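Okay, got some structures for you below.
Okay, so chain A shows up in both of these, paired with chain B first and chain C after.
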Partner chain A sequence: MNQFTFAARQKTVLIGFMVLGLLCLGITFMTDDQFHTRFWTNYLHNSVFFTGIAFMALFIISAFTTAWGGWFVNMKRVWEAFSSFMIPGLLLMLLVVIGLWGHFHHLYHWSDADEVAKDSIMAGKAGFLNKNWYTFGTIIIMGIWIFFYQRIRTLSLAEDREGKGIADGYRHHKLIRIWTAAFLPIAGFSSAAIIWQWVMSLDAHWYSTLFAWYTGASWFVAAMALTIMLLIYLKGQGYFQSLTADHFHDLGKFLFGFSIFWTYLWFSQFMLIWYANVGEETVYFQERMQNYPVLFYANLALNFILPFFLLMRNDNKRKYGPMFMASLFVFFGHWLDFFLMIKPGARHTAMEAMHHADGAHAGEAAHHAVEFAMGFTIPGLLEIGTMLGFLAGFLYVVLNTLTKAPLSPANDPYIGEATHHHVWPYID
Partner chain B sequence: MSASVSPIRNPLVTGNKSYHDITEDICSPTERTPTPAWVLTFILAVAGLALYVFCVGWTIYVGIGSWNLNRTIGWGWDITNFVWWVGIGHAGTLISAILLLFRQKWRTGVNRAAEAMTIFAVMCAGQFPLIHMGRLWLGFFIFPYPNTRGPLWVNFNSPLLWDVFAITTYFTVSLLFWYTGLVPDFATVRDRAKGVRRRLYNFLSFGWTGSAKHWQRWESLSLILAGLATPLVLSVHTIVSFDFATSVIPGWHTTIFPPYFVAGAIFSGFAMVQTLMLITRKVLNLQDYITLEHIESMNKVILATGTIVGVAYLTELFIAWYSGYIYEQFAFYNRVLGPYYWSYIGMMSCNVLSPQIFWWRKLRRNVMVTFVMSIFVNIGMWFERFVIIATTLARDYLPSSWSYYTPTWVEIGLFIGTLGLFGTLFMLFTRLAPVVAIAEIKSILKDGGDQYVGPEVARKKAAETTEAH
Partner chain C sequence: MKTYNKEVLYGLYNDEHDMLKAIREARAQHLEIWDVFTPFPVHGLDNALGLTESRLHISGFIYGAIGAIFGFGFMTWVFTRDWPIIFGGKPYFSAPAFIPITFELTVLFASVGMVVTFYTICGMGPGILNPTLDDRITDDKFCIAFDTTNASEADEDKLRHFLNGSGAAEIDTKNI
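And now, the complex of A and B:
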């Protein structure tokens, strides 16, 4: 089965989950505080998370292609399909932008002109943290990403139709190689800029040079985990029969290796800030360790300890059960990681804004800021429902893109290597 | 028999080699009398080593006062050299371990020499903290063991001590990894040797017979050591970066330091491999094993890591502004426009701008350009450490204690001297051991030999099939 058909039942299930997601967002909106903080943080959280996964898929294709990787090409359609979510991702982020201009939300402390006027630190950052940059950064950077996606995807499909292999010197592939190589430095610079805007500026006073790489690694691992789960499902449906245990083994190595890499970055950031003990920096972790202890430690348990032990053994990487389990933990774990990056700062901003809105209850608001709150200090059912809705939307786009091309890129120069891929010492 | 190889991959072994040719080509440099070029280079290297010994002697006899360090700038050329050498010591294990894990076949041409380079570079790096102590004979104080020195006990909270453990562990694993690879090759040399040489290589090869069981264990051990070495490669330079980043000095205390130091180390390590291999392949006539394909691959890594380092430099600059923290802002202002502006220019132009020429395939495959670039990168990476260390220290919190630092002849002599030490060891290595891993080259011959794979072969095959139809 080289052609994917999007079954009616799959569509129904996914639409069902999307409706659930919308319902959860609706309920959150209705039952929220006056700034709809829970609604907007949930919305931002999932938009950033899934858009980032789509971006990372394109980054993965680019990195592997530039490194002359051969083993992955019979699954590259899945990553192409992942990246197609950048277009809806841009629309999702545009709603945050509209909210910024229309003052529909209080996600970003720096978007409040009165606050910035009183605050010398934020005033100093106003050259970067302002609505114009946020808007144009989002549109231009994501526009560039989408442009590269379109180029690479178009060439990849053209190769399928018109490629003549060695006779035309793998013309299409060579062009893809140029586009993917050019994308790498662009992705490196632009992802950092956009992560500072979307995520780091939620804690407007705080800064860390490592933050962009840390967030990028989180996206990368989440993208790998989702790839593994989707491929296991699709293989179970009879697609991608050329993918063997050897391919999953290598995907498992990436999941394992980059989980450790993510932990390395987590540790580097945390340890250096903890060690130097500078108040302006430690406040970030102080807030999270004091008010979000469960998530803070769960983050490490799910994203490091579990995949580390589950994926350590070679044969576990070759079995669907352990691989699916590990991917599930890690995927949810990185979703929590983003929860932890986004909620505390945004909540703090909202609390201060409320404090100003009704000065009489200032003490009360400040009190609430450190108290346990469903949806803030821990994800509630509404957050889970919202996440499932976004995930269903993501998968809907991905599966829909998959229908548009043969699953196996027949004229790719590496298709032979990918079909006969073996991981030493397994020769089954 | 060979695995499927894509027709667009270029061959990694050229010259239509047979297994026997490989043995002949790689073993023979250890069997011939040294060429005049080798003797001349060796004399030069030993002269450098002599300079080193002299300068160390001078430092110990006169004291650290013979260096130009002062109370503001407590680290100068010494620690710059230390970090520079440790950085160079990275590519060896990276090529071997990480590229082995990634199954990159081109590693086989350069892994042996790169690993040797690692070991020698780490040895050079290790000199500097020791001589910096001034009282070299008390160097053993760095080891924590039960003693009668009372409160004179190592400080486990200090990254300087972590360095001791990180670097010794790294050195040990790298040495084991290197030696494991050498065992089958020493056996090959042994089988061809006579007399004392035969006895020597017999001892060095641990009684290797080449049985299936030996190979199986050898493969497993290589993989395990590669798995251990990979986190070690990262840990060593991470901890070196902690030497700076755990402090509260603006310009040093920044969270991006660990991964960016690692990227920079890989960058400079590959540059050093290029410098050495471009000469070695020519002198020992190994162009068929270290092909333009290998050189191009390494240039790509240099371009990639150089750009990563560039992202990090700009991130640091940007976040310094973004932080709103005036001391941080000043540290970076001073870095770019302060009295040491020239070293910042040197760093930026050599590390970030100049590698960008490798976007052009023609230049990636040009041996002369590659050689010049590899020297550039080495200079640039030396400047990077100088920028981080001296520039930052020269302008500290108290303007009254601001200072400027230029090295004395002793410090310069020590640096040139370590180049001599490094050169001596490397020259000896090229005489005593096969500089290219014989067994590993043989393992890729069927997937990488130019008589089996490559666009030419593919085109010929395609033509044959069309004819048959």
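And now, the complex of A and C:
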């Protein structure tokens, strides 16, 4: 089957989960504090996570194409479909921007003009951490990403329709190579800038030069894990029959390798801060180790120890069971990773804002507030439901985009190489 | 010079595809191939020979695990029992500070151990000269070799006949 049909049953299930997600967001909004902190952090958490996965899918296509990769082209439609979520992703992030201007949320400490005025650190960063930069950064950077997505996708589809292979000198493919190669440096710098704005500025006083890479690696691994799970599902449905154990073996290597890469970045960030022991840097880990010990160590267990041992053996990467399980854990693990990046800082900001609103001793109590709070120190059922809703929305867009083109890019010069891809010299 | 104390009947092929075909045919006829020599890795050769996955990486994991335990354990012993020193106000047992060295020793043990294991298994090493059947197997010839040390005349004829029939450019015997 070279043409994907979005079955009515799949639509019903996905819409069902989207309704569940909306319901969870609604309940969170109703039962929240006066700033709706839990609602907005959940919203930001999932928007950033899934938009990042969409962006990483385009980055994956670009990196593999630029590296003269041929093995992946019979699954590249899935990544093209992933990247199509950047358009809804931009809309999701625009709601955060609107909330920023309309003072609907208190996610970002630096968005509060009174606070910035009496805080020399934030005042020093105000040239970058301000509403204008946040707004234009989001719109321009995501606009550039979407522009590149449109170019690469359009060329890929045109190649399918009118490509003549050697007769027209692989014209479309050559253009795709140029666009993807141009996208790589842009993606590298722009993703870092947008991660500083969206995620790192939640802890407005704190900064780490490694943070953008570390977050990007988290997106990358999550995108890989979701790809593996979706491809195993679609192959079970009778699509993508040209994908063999060798393709999953290579995807497994990426999942394995980049899980270790993520750990390397995580540890590099942690160890330098731990060793230098400078108060303005350690505050980030102090908060997380003291108040989120379960998540803090579960993060490492799920995203490093588990994939490391589960995917180390070659034969595990060639079996659907272990691959699906590893992907599931790692995907959830990186969602928790983003939870840990976003919740503590935003909660802190909200508590200080609340103390201001109450007129109580300004922020002093907030600094010492360590009490357990469902939805803040650990994901509750509402968080899980919201995540499932966003995931269903993501998959709905992805599957919908998949229906719009043949699953196999017939005129891609590498389709033969991808079909005959072998990485394993032995008999399975 | 290392010796195998074997009498070997071998055929040299000019093309790796002829050789691969001959190997499949030999296996179909239940002729026992002693070894195959090629100037470069031939795609699908392991499969054609029916080789199973190498266990070298299992030894690599074990060496790595030993290296990790040794590195971490040694540093723990030194900094908590043998010669405790306070570095940068950190506790004696500072796990994060030990991780980089533990990682290095894991890599060192695994890589050196695997090299030594590989050389031992293959009978290679400094000062050991391996006998070759023909110098051109490192250049442009593909060789299938049969062990005929204890083979009867009839068996040897059968092997010779097979090599002849499967397109070997040259056939020879050698004691190595």
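Rule of thumb we're sticking to: the second predicted complex is superposed on the first by the 416 of 428 C-alpha atoms of A that agree within 3 Å, B and C clash if a C-alpha of one lies under 4 Å from a C-alpha of the other, contacts with A are read in each partner's own complex, and residues count from 1 in each chain.
We adopt the following convention: a contact is a pair of C-beta atoms (placed from the backbone, for glycine too) under 8 Å apart; a residue touches a chain by one contact, two chains touch by 3 or more.
Because the structure is predicted, anything quoted here is derived from the model rather than measured.
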| item | value |
| --- | --- |
| Partner chain(s) touched by A:420 [first = chain B, second = chain C, both, neither] | first |
| Partner chain(s) touched by A:292 [first = chain B, second = chain C, both, neither] | neither |
| Partner chain(s) touched by A:49 [first = chain B, second = chain C, both, neither] | neither |
| Partner chain in contact with A:207 - chain B first, chain C second, else both or neither | first |
| First, second, both or neither for A:312, with chain B first and chain C second | second |
| Touching partner for A:184 - first (chain B), second (chain C), both, neither | first |
| Which of chain B and chain C A:275 touches, first, second, both or neither | both |
| Touched partner set for A:167, first chain B, second chain C, both or neither | first |
| Comparison of chain B and chain C by chain A residues contacted | B |
| Overlap of the chain B and chain C footprints on chain A, listed as residue numbers | 271, 275, 277, 422, 425 |
| Chain B - residues contacting chain A, complex | 3-9, 101, 103, 219, 231, 234, 238, 242, 245-248, 253-259, 300, 304, 307-308, 311-312, 314-316, 319, 322-325, 359, 455, 458-459, 462 |
| Chain B-facing residues of chain A, complex | 66, 68, 70, 120-122, 124-125, 128, 165-167, 169-170, 173, 181, 184-185, 188-189, 192, 196, 205, 207-213, 253, 260, 264-265, 268-269, 271-273, 275-278, 280, 413-414, 416-417, 419-420, 422, 424-425 |
| Of chain C, residues touching chain A in the complex | 43-47, 50-53, 57, 61, 88-90, 96-97, 99-100 |
| Residues on chain A engaged by chain C in the complex (per definition of touch) | 267, 270-271, 274-275, 277, 312, 314-315, 422, 425-427 |
